[in-house]
Structures are given as C-alpha cells and as structure tokens.
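Right after this note come the structures.
In what follows, subunit A forms one complex with subunit B and a second complex with subunit C.
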Partner chain A sequence: MSGTRRKQEGRWAWRLTGFVTVCVYIFMFAPIVATVILSFNASMFGGFPMTGFSLQWYGKLMANEAVLAAFRTSLWIALVTALVTTAIGVTTAFALVRFEFRGKQALSTLVILPALVPETILGVGLLVLIKAVDQPRTMLLLVLGHILLAMPYVVLIAQARMIGIRRVYEEAALSLGASRVSSFREITLPLLIPAVVGGALLAFTISFDNTSASLFWRPAGVETMPTQILSMLKISISPEINALGTVMILVTVGIPLIGGLILQSLTKLRRRGEPKEDTQ
Partner chain B sequence: MPDSQGTTLHPRPVLAGAAGASAAAEADSPAVEFRDIDIAYGKFVAVRDFSLSIRKGSFVTLLGPSGCGKTTILRSIAGLVDISDGQIMIDGRRVDDIPIYKRNIGLVFQSYALFPHKNVFDNVAFGLKYRNVPKPEITRKVGKALEMVRLPGSEKKLPSQLSGGQQQRIALARAIVFEPQVLLLDEPLSALDANMREEMRVEIKKIQKETGITAIFVTHDQEEALSMSDRIVVMNAGAVEQIGTPQEVYDTPATAFVADFLGKANMLAGTVSRSGQAVVLASSQTITVACSRPLAEGSKVTVVVRPQKFSVGAAVSANRLSGRVVSASYLGGSAIYDIDIGGKTNLRVNAPITGRVLREGEAIDLGFDPEGCVLLDEDGRRIS
Partner chain C sequence: MLVAPVLLLLIFFLVLPIAVMAGYTFFTFVTAGVETSALTTANWHEFLTDSYYSGFLVKTLRVGAITALLCGVLGYFPAYFIWATTFKHKWLLLLLLIVPFWISFTIRTFSWINILGEQGVINVALLKMGIIHEPLQMLYNEGAVILGMLHFLLPYMILNVYVSLESIDRTLISAARSMGCTSAQAFREVTLPLSLPGLAAGLLLCFVLAAGSYVTPQLLGSGRDALFGNLIYDTIMGELNWPMGATLSIVLFVVLGFFAAVYTRYMGMSQIVKGLGG
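After this line comes the complex of A and B, so read on.
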C-alpha cells in the first residue's frame, strides 16, 4: 500500500518539476520569441496583435544611417576587443598555470575581479578616473573598458584548458631541442586553440552586447548598437526596434554557436586515446 | 647513507657490469657522471649526496619505491629539475647551466607524451627539425627509426589511432632518432598492460644494444630492473642503498632495505652465540652462517635468506629448521610456502616440488646452505 502511495507521490513530484521547468523556459524565451515574431509584423505599432507579415522594418533598418553606423561601431569595437583580450588573456592564463612567481594569487584574483564588480560601478569608476586625469572620452577608452570587462572570462576559459594540457608535452618538446618559445608556438598554442577561439567569441559577444558600461564610456556622438536601441526607445517603441533586436540576437547567439560547432568537429579527432597518467 | 658508503662508491667508477674489461679503457670519460648532487624543493631534500658514473653504452637502472628520488635524478639529467649542489657531466661536459633544449638527451615518458595534434612522422621528426637536418635526411631517418621500433609505414597516423604499446614505440623512436648522448626512460612500461610490458622490455633492451646508446631507466619494478640492466642503483629516501649488477644486488644485498625490496627476502633476527659462526634465532633454533670475519658474541644480526635458497624435506643437511605450514600456493614447477618456525617468525619458502605439495598445518623440515645467506649487522648493513 505504502508502495503505491509512494509511486503516486513520485508521479506528482515529476509533474510539478515538469510544470516548473516549462514555466521557466516560457519566462526566459517568450520575450525573445515575441521580439522575433513582432519584427515581421506589418503593423505600425511595435506590439500585438499582428496585422500581417512584412519585412518592411528590416528594410527601414537598412536605410537608417544612424543604425548602420552604430552597427559598424559595435562590430569594430567587438573585433578589437576580441583580438586584444584573447592575446593578453591566453598569455596570462599560460603564466598563471605554468609558472610560480610572487604575487601570483593576487594577480589571479585581480584579473577575475572585473567580472565580480557590478558593471555600473565599473563604468562610473573608469569615468571618474578619466575625469580625474582630465582626459576626454575617446574610442580608445571605450575599447579599453570593453577589454577590461571581457578579460576575466577569457582568462578563465584559457586557464581551464591550460590545466588540461599536460606539462609532459612541453617537456617532451624541450627535450627534443625546441626552445621555450618554439615549444609554446608548436605544442602548447595548437592544443590551446579551442580556448583561444572560445575566448575570442565570448569576448566578441560580451563587447557587442554591452549596454550599461558603454553608456558611461562612449565619446560624445558615438552610439553602439545597444545604446542606439536605448536611445531609439526613448522616442517611441517602433517596430524597427524589434527588427534590430532580432539582428542582435542573430549576431550574439549565432556567432558563438557556429564557432562552437566548428571547434567541436576540429577537436573530435584528437580527444581519443590520451593515456591516463600516474601522479608522481 | 653515511659518508663511508658514499665515498667508496664514488671514486672508483664502479667496475661492475658484464662488459667490465672491454670498457675499462673508456671508463675515464663516463657518459654521465653525478658528483655529490643534492636536489631540494624548498626545505624538502629529495636527493642527498648522489654520486654515480655511468659507462658509455651501458644500461643503468634507478630502482626504488615511489618518492625515493629516482625520477628526480632522471629529470635532473634532462634539465627539468635544477640541482641544488654538485655537478652533472654528460660526456665530460658540465651541463648544470645548459638549458634542457641544448642538452641533446632523449626522453621517454611514462605517459608517452606524443604530441596529440601531430602525426607519427611529425612527432618523430620533431627533434631532427630543431637540429636543422635537411628534409630528405629527416624522411630517411624517421623511416629507419620507425623500422627499428617495428612500426614502419605508420607515418600518417595520429597518436590517438595507436594502441598504448604502439604509442610508446613511437615515443622511443622519437627519442632515439637524433642519436642523443643519453636515453632517459622514466617508467616507460608502467602505463602498459602486463603482456605488452614484457614485450616492450625485450624490445627496449634490443634497441639499446643495437644502437649502443647509454640508457638510464627508472622503475619501481624489480623484475624490470633485474632483467634489463647492466647495473642497478637501488635507492631509498633520496639516497643510494647499493650499486651493482643485477646479480650482485640480488645475491649480496648491501642493506636490509635492498634485501627486502628485491625479491622479498626472509629476514631472520638473531644473536651470535659461540664466537664461531652460529646464530641463535628468536625461535631458539640455531643456524650456522658463513662469514669471513669472526662475529662478536652476543651481537644482534639479521640473517637474510632468499625464498629460493631453502631446500625442503627430510634429506636436508645443513641448518635444519622445522616448522609448520601456514599456507601453501602451488605454482606448477614449485610451491610457495608460508612456514611458522616458532618465536613469531614466519618464513617464505619457494621450493621445487618433490613428491607432493604440503598442506596447511603439516610439519615441514627445511634447511639452507650457510653460503646461501647474507648477514646484516644491527644497522641493517651487510657484514662482508
């Protein structure tokens, strides 16, 4: 008897879990789905009900010089951020994993810190600093800020991968006559590639997506995609924004997705057959 | 180890080894020489006062339990570990300050360490490439090396497509293809399964002989050490216990540690009785031992007897001991007995089977030749 009751309870528990899960997913994805659907709405107003299917808002977007400029700006900033952050982040991770030096713990914490401090605080902080040394807000400042924001994630990714690369590979390369630089270039770096690509993609999206910090740092008259959307929203909720939002979603979700798929197929071959090692 | 042992080992460049006479002329410039090296990690001293010279073309094994410093010494030759004190010479050239990539040594790891993103050819060619060997020459040498490890034609394969044994062969080819001055093998067989291990043992030894390369082999497996080496260096707790040919270290262990580590010898504690050569055991049985020196009456000694040195049965002449079988295991040609001879002393005996295998609880008579044992003093050192 108790057995059937327990079974009954179990069934209800599962139903409840399922229900909650579905609710969470709806809560998470409904706004995104709504944005994408409404971007194809023929109506003048950026909301339901739908009046018909149309691509006119995308067309308007293409003709909007301000939006295109913001898109170009964001793209460039994200590219530069990704490049610089990956170069510095991967090197930092290599040093943090492979070498012992004074202040290693402190450095490791400092590098991660920007990810823990609220973005707004970071934004105001950097701004105050710039004002204190009496410098104008420039593109350089904006890019530097984005690098600061993306760095922790790139370092964390590269560090995790670096720990997985056994030191014997480098030792073998050294014993065969490769200098430290050569062994890094020929052995460590190729094995780090998944982290390099992954880190670069993440840095790109972090920069491309950033709103709050960019609001503080951008030079006068410069808009990035998110700030452009924000300023458009101030005027009206035009359906154009839905189209713009859809483009943003495509870029920030699509790029890492494609990158991840390419990486997966690249690394599939070498994963197999690595022996276990006795710790000695 | 106290100094007396260390210094006696060091100046005479150890003439042990099968090829003793022929290589005597070359003994002046050993392939590798350690002079009083110490290796410390912070306050922890991994290796103390290690001195050893290794003759060209010989196969020397560093044997000991894990943590005894054997791997540390191997890595110090490679330059992967810095020594705190002393000198390391390779072919008479001091290498302490030479970075690893300029030392010209071949290194084989326990975990193979083949570059996973490079194919077999690029792995083996790696060392040649950094020695600026011209391309056709590289192709020829790689081909030859792969033939030597019996994997010809595997150039295009990736390490992940090879079995453990094959990977280790490639690793060996990679380490010898550029003809290094020394070949260092760090437990190369430990990651392999038992069958493969034996095959590789023979293979490595064969290749070492063919190429005439000086090899230093690190292992904790006494069987590997005994079967492959010209000389064995038995180590414990960062110091050398004994250096000698496999037979020397097995038959005449210098210390209690060596006796126990190699082949699990019986260690019978006892007291010297008459100033003759007799020892009274804890079981109050008396045995005779062979010793060139007279022993002080009443001194504590340990009699070391290998399990194989016992003979079993009524026909036993010398050093007759009687006991009771605690357990017996039948091995086909011989049997291993655990025998209680009283006085809380158990003997491990490995005797050929004559007649039938004795069962648990049966009485047994056994004995051993006085010449077939080694005597250790109170500190566990051999009384010569």
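After this line comes the complex of A and C, so read on.
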C-alpha cells in the first residue's frame, strides 16, 4: 500500500517539476514575444490591444537617423571588441593551460573579475582614473572597456576547450621539428576553432548589448544602441521601440544561431577520418 | 610574453582604476565637478553617519537577497527537469536558456512594460474580461524591479545548477534506489547535497549581479526603488560629486567582495568558473 502511495508522490513531484519548468520558460519568453507582436501593431500607442497589422514602425525606424547612427556605432564597437578580445583571450587561455609561470593562479582569478564586479563600479573606476590623469573620454576607451568586460567569457570558453585538446598532438608536432609558433598555428588553433568562433560571437553580443558601463564610458554625444534605447524610453514607450527591439533580437539571436549552424556543419564535414578527440 | 596584453588590460582598466578610486574617496569635494586633492575623511564620515546612504545599502542588499533566493527556488526545478528528463531534444531546452543571453538586456527589461504596463497584456486582458475596471498599477514598484531582475538572472541560476547536476555520478542514485530509498529519499540524500555547489554559485552570482544592477531599477522602478547602482550613477553623473561617488563605489565593491570572499573561502572559485561558461 505505502509503496504505491510513495510511487504516486514521486509522480506528483515530477509533475510539479515539469509544471514549474514550463512556467519558468513561459516567464522568460512571454515579454519578448509580446514585444515582437506589438512591433507589428498599427496603433499609435505602444501597447495592447492590437488594432491591425502594420509595418509602419519599421519604416519609421529606418528613417530615424539617431537610431541608425547608434546602430552603426554599436556594430563597429562590437566587431572590434570581438576581434581583439578573441585574439587576446585565446593567447591568454593558451598560456594559462599550457605553461607554468609565477602568478598564474592570481592571473586566472583576476581575469574573471570583470564578470563579477558590478559594471557600475568598473564604470566609475575607469572614469575616475582618466579624470585623475586629465584625459577625455574617447571611443578607444569605450572599446577597451568593452574588451575588458568580454575578456572573462572568451578566456573561460577557450580554456575549457584547450583542456580538452590532448597535448600529444602538439608534442608530436614539436618532436617532428615544428616550432612552438607553427605547432600552435597548425595543430592547436584548428582544434580550437569552435572556441574561437564561440568566444568571438559571445564577445560581440556582450559588447553590442552593454548598457551600464557604456553610459559611463561613452564620449560626449555618442550613443550606442542600448543607450539610445534608454534615452528613447525616457520619453515614452512607443511602438517604434518595440520594432527596434525586434530588429535587435533578430540581429543578436540570428548571428550566433547561424554561426552555430555553420560551425556544426563544418565539424560534421571534418569529422571523417579524424582521430576521435576527447572534449571535456 | 603571451599574457602581456591581458595583463596590461587588467592592470590599466581594472586594478589601477579601483586603486585610484580608493584614493579618490579621500579627496575634498568643492563644488559640482571640482575637487581638490587635499586629503579628508569627510566622504567616509558622511557615508557612515548619514542614514540616507546606509538605507540605500540595506535596501540594495535586501532586494539582492530576495532576488537570489527566488532565483534559487524557481531555478532549481527547470535545472533538475532538464537533467532528469528523457526528452530526446534536451539540447533545445538548454539552447532556450542561452538565447536570452543574446537578447539585449535593455530590451528584455523594457519588454516587461508590455506585460505589466497600463496597456500591457495583463491589464488589457483583465479589463476585457471585466474583472477589473481600472488598470492595475503593476509597474514602477519594488516588485516589478525584482521581477525584472529575476527574468535576467534565472538563466544564470539554472545553468549553474544544471552544470553541477550533470557532474553527479548517476550510478550513485541507482545505488541509493537499489538499497531501498524512495525517489524522494534518493533526491534528498544524494542528488540535492551533490548539487549544492552549483546552487551556491548561482546564489552568489545572482546576488552580486542583482545588488550591482543599474538598468532594471531605472526602467521598472520608481525613484523610491532606486538601488545602490543608481545612487552611484546619480552622484557622479548628476551631482558631479566624484569623491562621494568613488566612496559609494568602493563601499559596494567591498561589501559585495566580502560576500564573494566568504563564498570562495568555503566553495572555491571553480564552480563559478564552470557556471560562467568554462
């Protein structure tokens, strides 16, 4: 008797788990879905009910010079951030995984700090520093700041992948007379490609999305996409903002998804005839 | 050699700024945007004696703690479900957790206005059904701020717990079951304790990120719901009181650092590293 009751309790617990899971997923996506739907609303006001289907807000968006300028700025910053962060991050991960040096432990802790210290603090810190040495806020500062913010993620991703690549491949190349540099280029880097692409995409989105720190660091008069959205929101929530949000979602979700798909098909093509490597 | 670029970056953009900021807390504020390097403890004195500031700190820590706990409770279920389910396309459930990270945080935050606002889904639906006659005021209060933070922090929590569940040797659970444990007992005695490191890492991460937030209170809260991050922003960008802004930043840094230090003292850094994507 008690056996079946217990079994039933287990089933109820599992159902509850499934129910909460569904609720959490709905919770996470409902507002986003509502925003996308509302961006097609014909109504003048940024809210329900839907009064008809319209693309007029997208048209308005395309004619909004401030938005377009902010979009271009963010795109450039994100591209540069992705390139530089990936280059530096992968070399750092390589050094952290393959070499022993003094202060290695300290460095690997320090490098994740930008992900843990609140952006407000990083933002103020950098501003105080350049104020102390009497320098203006420049685009270079903003980009370098974004590189700092994206660095922990790129290093962690590259590190995890690097640990999975067995050293024997590199050692084989070295013992066959390859230099350190060419063994890295010919052996390690190709095996690292998934981490490189993944890290670059993440760095891109982190930069493209960054709000709080950019509010502090941007040069006077420069708006990035998120700061532009913030200043538009100060006025009112118009359907134009919903349209803008939808475009942003398409860009930031579409790029990694397409990148991931390309990557997947590439590794599938390559897999033939390649020795099995253990990842993780 | 290889680490030179990252070292330079970390020194000039992380270590040095925080060190200079710590020094700035002792500078004298003259008037908006102007300060002298005459050393004073006035900023610290003002911070420690004026209950305006300590009130902000207490409220920020309270909101951060509530958010982290709610994340823990609500995040554990999905993490457990994804781990235990026999559903074939598990990767899809995991991908859906990662997708929000790609969507602009500002957009995810303001999208709540479309749900909770006067013309949001809930109010319009309730009005249509005749349940209410006046739109409910659900935005611009502390609840909305916590909801917004919950929304952006839940994926962190779920992934952290999931990673630590994934590292559990499943034969341990089979062993417990074959020794006569019910599934509930096996969960309580084996699965739950072994997943605690991930839960703890998630709690710390959510707490720190919530307590340091600026955008969410700005968009979903009223003036009264401003948190410490907003206070810092207003002090620096609004009042141009740099020494006080630096003092407040250092306070937040030290307080949150204290929690992180207590955590690493007992749990180490490795779990956080795993949860962040390592």
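As a convention for this text, the second predicted complex is superposed on the first by the 267 of 280 C-alpha atoms of A that agree within 3 Å, B and C clash if a C-alpha of one lies under 4 Å from a C-alpha of the other, contacts with A are read in each partner's own complex, and residues count from 1 in each chain.
To be clear about the criterion, a contact is a pair of C-beta atoms (placed from the backbone, for glycine too) under 8 Å apart; a residue touches a chain by one contact, two chains touch by 3 or more.
Values in this document were obtained by computation on a predicted structure and should not be read as measured data.
> For A:L144 in the superposed arrangement: first (subunit B), second (subunit C), both or neither?
In the superposition, A:L144 touches subunit C alone.
> Tell me the contact category for A:A173 with respect to subunit B and subunit C: first, second, both or neither.
The first partner, subunit B, only.
> Which partner does A:P226 reach: the first (subunit B), the second (subunit C), both, or neither?
A:P226 contacts subunit C only, not subunit B.
> Counting touched residues of subunit A, say whether subunit B or subunit C comes out ahead.
On the superposition, C touches more of the residues of subunit A.
> Which of the two partners, first being subunit B and second being subunit C, lies in contact with A:L215: first, second, both, or neither?
second
> For A:I187, decide between first (touching subunit B), second (touching subunit C), both and neither.
In the superposition, A:I187 touches subunit B alone.
> I'd like to know which partner A:E119 touches here: subunit B for first, subunit C for second, both or neither.
second
> Which parts of subunit A are touched by subunit B and by subunit C alike?
On subunit A, no residue contacts both subunit B in one structure and subunit C in the other.
> Enumerate the contact residues on subunit B facing subunit A in the complex.
So the residues of subunit B touching subunit A come out as 66, 71, 78-80, 100-107, 109-117, 126-127, 130-131, 158-162, 164, 167, 174-175, 178, 187, 190-191.
> Considering the complex alone, what residue numbers of subunit A touch subunit C?
For subunit A paired with subunit C, touching residues are 6, 9-10, 13, 16-18, 20-21, 24-25, 27-32, 34-35, 38, 45-49, 88-89, 91-92, 94-96, 99, 101, 107, 109-122, 124-129, 131-132, 144-145, 147-148, 151-153, 155-157, 159-160, 202, 205, 208-209, 211-212, 215-216, 225-226, 229-230, 233, 237, 241-242, 245, 248-249, 252-253, 256.
> Please give the residue numbers of subunit A that touch subunit B in the complex, ascending.
Touch residues, subunit A against subunit B: 166, 168-169, 171-180, 182-183, 187, 190-191, 269-278, 280.
> For the complex, which residues does subunit C have touching subunit A?
Contacts found on subunit C: 2-3, 5-7, 9-10, 12-18, 20-21, 24, 74-75, 77-78, 80-82, 84, 96, 99-108, 110-115, 117-121, 124, 128, 151, 154-155, 158, 182-184, 205, 208-209, 211-215, 218-219, 228-229, 232-233, 236-237, 242, 245-246, 249, 252-253, 256, 260, 269, 272-273, 276-278.
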